[in-house]
Amino acid sequence: MPRAMTARPPAPHPPEGEACHASPHLCMPEDSRQRAARRLAIARGHLESIRRSLEDPNIYCVDVLRQIKAVQGALDGAASVVLRGHLEAHVATAATRGDAQDMVDELMDVLKYI
Amino acid sequence: MPRAMTARPPAPHPPEGEACHASPHLCMPEDSRQRAARRLAIARGHLESIRRSLEDPNIYCVDVLRQIKAVQGALDGAASVVLRGHLEAHVATAATRGDAQDMVDELMDVLKYI
Amino acid sequence: MPRAMTARPPAPHPPEGEACHASPHLCMPEDSRQRAARRLAIARGHLESIRRSLEDPNIYCVDVLRQIKAVQGALDGAASVVLRGHLEAHVATAATRGDAQDMVDELMDVLKYI
Amino acid sequence: MPRAMTARPPAPHPPEGEACHASPHLCMPEDSRQRAARRLAIARGHLESIRRSLEDPNIYCVDVLRQIKAVQGALDGAASVVLRGHLEAHVATAATRGDAQDMVDELMDVLKYI
């Protein structure tokens, strides 16, 4: 439950040394943010090129399906970067902070979507 | 749509009246092309907003994961539009054209990715 | 249950020469049935061995997750066999029979689950 | 990397009070083991009934696909039980034990398969 987290104090983290003063919740490791952002930028460019290719009446369905799948693979890669950062910075340290149950509930919920 | 297809002679399709003269292969139905393009445009906008949100050091990992998943759902929707058009226009008519085995092999291959 | 299909007459198929006299709907190609059955039997054996391994208090979570995933891969394989038979015997011939729209609707519905 | 784990000492766990004396690695919480075993037993019964249904020449492909998918849903449920137990008992406590990096690497690897 992400809303329950809003009440949580800044906490003895983040471990990667990034600042998270302005936020009431756990903050994403900076390295994850930057790497995920780069991957999303690439996926967005790929997506735009597929959209443009659909203006060509000679485009073939199966080629479009393959391209869409490639973008989904890129998004899986971006999600993996984010998930790994979350596990390292927030989940593996949950017992230390005392919010293990909240973290696990939240993670199980979001993994349903992955 | 598919009704028109039953009467259609082996090759000279596409059914929606779009031109496919320049192509040696089957062409995507125009309606599928337009609807898939609209969905991809929306997904691209969503993706860009996630990428921008990653510039905020206070962003939370799990929120990013949820947003990425929403885009993947939108891409699934776009792929469904393309797949349905392909099944109606090309696969369901394959025996009539005589390329059923090729169409099935190709479809099985692309479905592995979906 | 494909309601619309129940009314359909036995139809000029199945192509693999199997008998389907007793059924009001399209029948599964015999080869698909046999190959899918073999794969399901193997998956069942694997599943039973995982279940037994859970009686060992020293079993490790991640090993169980890997084993469950292997069974899901085997079920994917069985589903692929069935899907391929369905595409070849029923979907690729749909325009010939005149039930293309029903077949595509039904397939899109079941592919959502795959 | 699960092999590295074999060298790990029994460690200050398991938290659910289950015994894990005989094992060099972390042990699955007993509650997870029992609940996962029950789910796998149900899935195995369902799988066996699908296999038997394939002896009927009048079985329809799409019905088989739906049944296989139902079993996969049951296996997803069993995997969720195991994963939750693993997160609670082993991942959330990793920083305390000092094996966070190994646990995260291993989890990311197994989640690829889920």
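Residue numbering begins at 1 within each chain, and the chains themselves are lettered A, B, C and D in the order written.
Everything that follows uses one rule, which is that a residue touches a chain if its C-beta (ideal position, glycine included) is under 8 Å from a C-beta of that chain, and two chains touch if they have at least 3 such contacts.
The chain list, named the UniProt way, goes like this: A, B, C, D = Copper-sensing transcriptional repressor CsoR.
Remember, predicted model here, so these are calculated numbers, not experimental data.
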| item | value |
| --- | --- |
| Other chains in touch with both chain A and chain B | none |
| Cα-centroid distance, chain C relative to chain D, in whole angstrom | 24 |
| Intercentroid distance (Cα basis), chain C paired with chain A, Å | 34 |
| Touching two or more other chains - residues of chain C | 83, 107, 114 |
| Chain contact graph, described as a line, ring, star, complete graph or other shape | ring |
| Parts of chain C lying in touch with chain B, wherever the complex brings them together | 80, 83-84, 87-88, 91-96, 98, 100-101, 103-104, 107-108, 111, 114 |
| Complex contact set, residues of chain B against chain A | 18-20, 22-23, 25-28, 30, 32-34, 36-37, 40-41, 43-44, 47-48, 50-51, 54-55, 57-66, 68-69, 71-72, 75-76, 78-79, 82-83, 85-86, 89-90, 106-107, 110, 113-114 |
